[in-house]
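Presented sequentially are two complexes of subunit A, the first with subunit B as partner and the second with subunit C.
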Partner chain A sequence: MSVLLLRLAGSLQSWGSAARFARRTTESAPTKSGVIGLLAAAQGRDRGDDLTDLAALRFGVRVDQPGTRIRDYQTAHHGDTDKSMPVSERFYLSDAVFVAAVEGDGVLIDELYRALRAPAYLPYLGRRSCPPSKPVELTVHMDVGLEGALAGERWHAAEWYQRRLRREKTVALEVIVESRSGGDDPGDTLRDQPLSFDPRHRRYGLRTVRSTSVRVPNPLARTVAARRTPPPDHNPATVLKGV
Partner chain B sequence: MSRTILDVHVLQTVPPSNLNRDDTGSPKSAVYGGVRRARVSSQAWKRATRRAFEDLLDPAELGVRTKRGAEILATRISELEPSIEAPEALALAAETLQAATGSTIAVPKRKADAAKKKGENEPPPESSYLMFLSSRQFDGLARLAVEGAADIKAFLKVKSNKDWARRIADTRHSVDIALFGRMVADSTDINVDAATQVAHAISVHEVENESDYYTAVDDHNSDAEPGAGMIGTVEFNSATLYRYAALDVDLLRRNLGEGLREDEPLTEPVRRAVWAFVYGFVASLPTGKINTFGNHTLPDVVVVKLRTTRPISFAAAFEEPVAKDITGGYLRTACERLAAYVPDIERAYGVDDTTTWLLRVGAGTEKLSGLGTEVTLPELVDAVGAAVAGRLEPGK
Partner chain C sequence: MYLTRFRINTARVGARRLLSSSQRLHAAVMSSFVEAAPRHEEGGPRVLWRIDRNAKPEVILYVVSPDRPDLTHLVEQAGWPTTGTWQTYDYADFLSRLTAGDTWAFRLTANPVHNIRRTADEPRKRTAHLTPRYQAQWLLKRQKEAGFRVLEKPKEQRRLAEGDEHQLIIHGRDPRSFGKTEEATGRKNHVSLVAVTFDGRLEITDADAMRRTLTSGLGKAKAYGCGLMTLAPVG
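What follows is the complex of A and B.
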C-alpha cells in the first residue's frame, strides 16, 4: 500500500457534495469525489470511463488552513436577446489550504503521481475557475499508512497564518479520514463516494468518515519560551472510546 | 505525448470602478492571504472576452445560439442542392438535426395552433432548447442531409450514418464554443469540455470598498422646491488585479478539428483561436458600471508562457498582500514579486523548457524585463499563434 499526498491551495476552491441547480454550496473540506475527479482528469480519463480503481482508494484530508467561505452571486444573460437568466449563488472557500491523501496499490499511486506532474486535463480545485496556486502533488509514501502520512507531513499553511499562531509550538489540525471498509466504525456519512462522473447520470455513494486531529510543529513558532503551559488538550470524545 | 499549454498572466490597474458587483451592488471580493481583496469573477471576464471576439473574428468562426437551427440548416441544404424545395429542405433539416444532437425538433404546439387558426402554413420546427452550433457544423450537416435526401429516415437509421451525424455535431466547433464550452440541455453526449480555464481576478493588495454619495439636480427645479432631485450611493474600489488564464491547446485542437481549405495549413483554426483568445482576454474589460466610472484601462504587464507539461498560476506570489511602494502605487512592488517568484517556482519544479513573451508598460515594470522576449500586443498575439501552430504541425 502506498500513499500519495496532495496539496490543495489556491485563492479560491469549491467542493460541493450536495449542490444542484441555482445554489452551489461547498463543503468545508475537499470531497473524495472532487479529488478523485482531479486525479482522473490528470490521467486523461473521460467522464464516462470506469473509475472503480480510483474510487476504491482510501481518502483522507487534513485541514491546514480552513479559509473563509465566500458567496458569489452570478447573473447570466441570454446569448441572443441579452435578457437576464435566473441568478445563481456559488459558494467558495477563500484562502484555504488542505493536504489530501489517497491510499492504495503502489503501481496506481505512482501512476497518479506522474499524471499530476503532466496532467492530461487542466487541474482545478473543485471548480474550473479555481486553478491551484501551487503544484498539487507532494510526495509518495510507501512505508506509512494514510494516517501516518497525514500526521507526518509538514504544515502547509501560508506564512502569515503560521505567524498568526506563533504562540503555539505545535498546532492541532483536523484530519478527516475514510473508515476502513468492512469495519463498523462509527462516524459521519458523506455522499461523495464517486460511482460515475458520466454527465448523463452522475452518481455518488455514501462514505463513512471519521474526524480526528494531529499535531504538527509550527515552523514560525516563537522560539522564546512560551508564556505559560498551554491549556490541556480537551477532547471529551476520548472518554467514549469503545462505547 | 507532447503537450502544449498556454498560460496568460496579466497585471492590470483599474481606477475607481465597479467592474463586477454582487446583489447588493458592492464590488465582489475575496479573502486571500488573510486580507480582503477585490475580485472580478471568471465568468465576467469570460463574457467580456467572448464579446471581444465579435470584433476580432469572422461571424463564420463563431457559433449561433438558437432554437431555429432547422431553418438555418434548411437554407444551407437548398443552397447546396437547389433542386430541393423549401418544405422538403426543412423536413430534411429537422430529421438530420434531431439525429445529430439528440434533441427533439418539432413545431411548437402553441405556434402551430395559432397558425391553424389564422389559416396560415405550419410554422418551421424548433428545438426546445437553445442549441449552439458553428457555421462549419451546419455545412457538414447540410452535406449529410443532401446525401440522404432520397429517404432521410432510412438513411439516418443506418448506424454509420447516424454516428456520422453525431460526429459532425461534436467536432469542428466554433471558436467560442471550443474555448469556453457548451451545454446542450437535453443531450449530454455533445457537451464540449472548455479548453480554457479562467481564474477569478484578484487584487494583489488589500482593498476596502468605498462608497460615493451623490446628489443629482433636477434641471427644472423651481425656487419653491430647491434641493436634490435624487440622492444615492454607489460603491467602488480601485485595484491592481492579477488575472490568470490557462489554455489547453491540445484540447482546443480536438474541439476545433483541423483546417479543411487547401490553401491553409491544418493548424490554421487553432492558430486563429489562440490569436483571438490572447487578444480578447488581454484587451477586454467587463462593462460593469463603466459609464459611471469610465475605467477603461489596459494591462500594464502581460506574461504569456508556452508550456509543455502543466499550467502554473502565479497567484501565490501575491498571497502576502503587496504594500504601497514609496510612490504610493502597487504595480512596482507587484512586478518585483513576480520577477522573483517566477524563476523560483520554475526552478523548484524543474520546468525550464518554456517560451516566454512579455509585454510591459512604464518604468515601474522594469524588474520584469529579464523574464522573456519583449513584445507589443500585435507582436504578442502573432508570435503566440505562430509558436502554437509550429508545435502542432504534423510530425512534431
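What follows is the complex of A and C.
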C-alpha cells in the first residue's frame, strides 16, 4: 500500500457534498469526490469513464489552515436565449490549506503521481473557478499508512498563519479519515463516495468518516530567549536614610 | 541634597492632568520649594525629577533637589491624602560615600538627541534618536565624562553579533508632546520630545564626575523629567 499526499491550497476552494439547486454550499474540508475527480481529470479520464479503481482508494484529509467561509451571490443569463437563470448563492473557503491523502495499490498511486506532474486536464479545487496556488502533488510514501503519512507531513499553513500561532510550539490539526471498509466503528456519514461522474446522472454513495487530530511542530514558534526581557526592579531608596 | 519618592494615585483626575503634560508636572515639582529656585549655573546641582512607571497602578515620582521639598499640594491633587504621603531621603550622605570601582544598578530616563542637517545649506536642528541602537550609543558616548562605565556582558549572553555588548536595557520609549507658554514672550508654543529609560549596571570610574551626574543630570530636557539617574544595589 502506498500513500499519495496532495497539498490543496488556494485563495478560494469549494467542496460541496450535499449541495443542490441554487444554494451551493461547501464542506469545511475537501471531499473525496472532489479529490478523486481531480485525480481522474489529471489522468485524462472522461466524465463517463469507469472509476471504480479510484473510488476504492482510501481517503483522508488534514486541515492545515481552516480558512474562512465566504458567500457569493451570482446572477447569470442563458447564453443562447438571454433568459435570466435562477439567482444562486455560492459558498467558498477563502485562504484555506489542506493536505489530502489517498491510500491504495502502489502501481496506481505511482501512476496518479506522474499524472499530477503532467495533468491531462488542469486540477482545480472543487470548482473550476478555484485554481490551486501551489503545485498540488507533494510526495508518495511507500511504507507508512494513511494516518502516518498525514501525521508526518510538515505544516503547510501560510507564514502569516504560522506566525499568528507563534505562542504554540506544536499545533493540533484536525484530521478526517475514511473508516476501513468492513469495520463497524461509528462515525459520521458523508454522501461523497463517487460512483459515477457522468454529467447525465452523477451518483454518489455514503461513506463513513472519523475525525481525529495530530500535532505538528510550528516552525515559527517563538523561543523563550526571543521574548523581551522585562526591565529589572529599581528602587534607589533602599540604600538611603530617611530624614 | 535630597531624594524624594512620591507614589502617584493614577485613579485621580489630578494625576491624569499632571501625567499628561511634562510642563504641568514640572511646574508642580518646582512649586514644592519655598524659595523659588535661583538660576542654576551650568553643571551645578539643580532640581531633577523622573516618573517611573513600574506597573499600571505603580507610578512613582522621584525628585532630586538641593532643598527639601514639600509635596503637600501633590498629595492633595494626585496622592492618598490620609494614608500615603512622600518620603524624603538624605542624598548627600550617600553621594559622599561613592568611590571609584563601585558597581551599581542604575536607571536613567533621558532625552537622547543629536544635531543634524539633511542638506548642506540647511541649519542644524536638534533631532531625537529613535532606535535603541543609537540611543545606547548616545549613552555610551557620554559615560566617560559622566564618571561611569556601563559594564559589559559575558560573551555567551550576547544575542547579537554587534550592538549587544553591554549590560543595558532600553525600554519605555515615551514620545511626549505638550503645550507651553514661553516665559519671555508670552507666546504659545508646542514642545515634543522623546524620552527613553535606560536600565543597566555600571562601574564608577570617577566619583566626583558621578556625583555631578547624579545631581545635575545627563542630557537635554532636564526640566521635563529627563536626565535623572539613580543608583540601586546590584541585585
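Going forward, the second predicted complex is superposed on the first by the 217 of 243 C-alpha atoms of A that agree within 3 Å, B and C clash if a C-alpha of one lies under 4 Å from a C-alpha of the other, contacts with A are read in each partner's own complex, and residues count from 1 in each chain.
Just so we're on the same page, a contact is a pair of C-beta atoms (placed from the backbone, for glycine too) under 8 Å apart; a residue touches a chain by one contact, two chains touch by 3 or more.
Keep in mind that what you see is a predicted model, and the values were worked out from it rather than measured.
Trainee: Could you look at A:S94 and tell me whether it touches subunit B, subunit C, both or neither (first, second, both, neither)?
Mentor: It touches subunit B, and subunit C stays clear.
Trainee: Using the superposition on chain A described above, determine whether A:S133 touches subunit B (first), subunit C (second), both, or neither.
Mentor: Touch partner of A:S133: subunit B, not subunit C.
Trainee: Of subunit B and subunit C, which one contacts the greater number of residues in subunit A?
Mentor: In the superposed model, B touches more residues of subunit A.
Trainee: Just which bits of subunit A does subunit B share with subunit C as contact spots?
Mentor: Common interface on subunit A, subunit B vs subunit C: nothing in common.
Trainee: Over in the complex, which subunit B residues touch subunit A? Could you list them?
Mentor: 3, 5, 22-23, 28-34, 37, 41-43, 47, 65-66, 130, 132, 188-189, 191, 193-194, 197-200, 202, 244, 246, 248, 251, 309-316, 319-320, 345, 349
Trainee: Touching residues of subunit C toward subunit A in the complex: what are they?
Mentor: 2-3, 5, 52, 54, 62, 68, 87-91, 93-94, 105, 107, 159, 169, 171-172, 197, 199, 230-233, 235
Trainee: State the interface residues of subunit A toward subunit B in the complex, per the touch definition above.
Mentor: The touching residues are 9-12, 67-68, 70-74, 76-80, 87, 92, 94-95, 117-119, 121-124, 128-135, 158-161, 164, 199-200.
Trainee: Could you list, by residue number, the parts of subunit A that touch subunit C in their complex?
Mentor: 225, 229, 231-243
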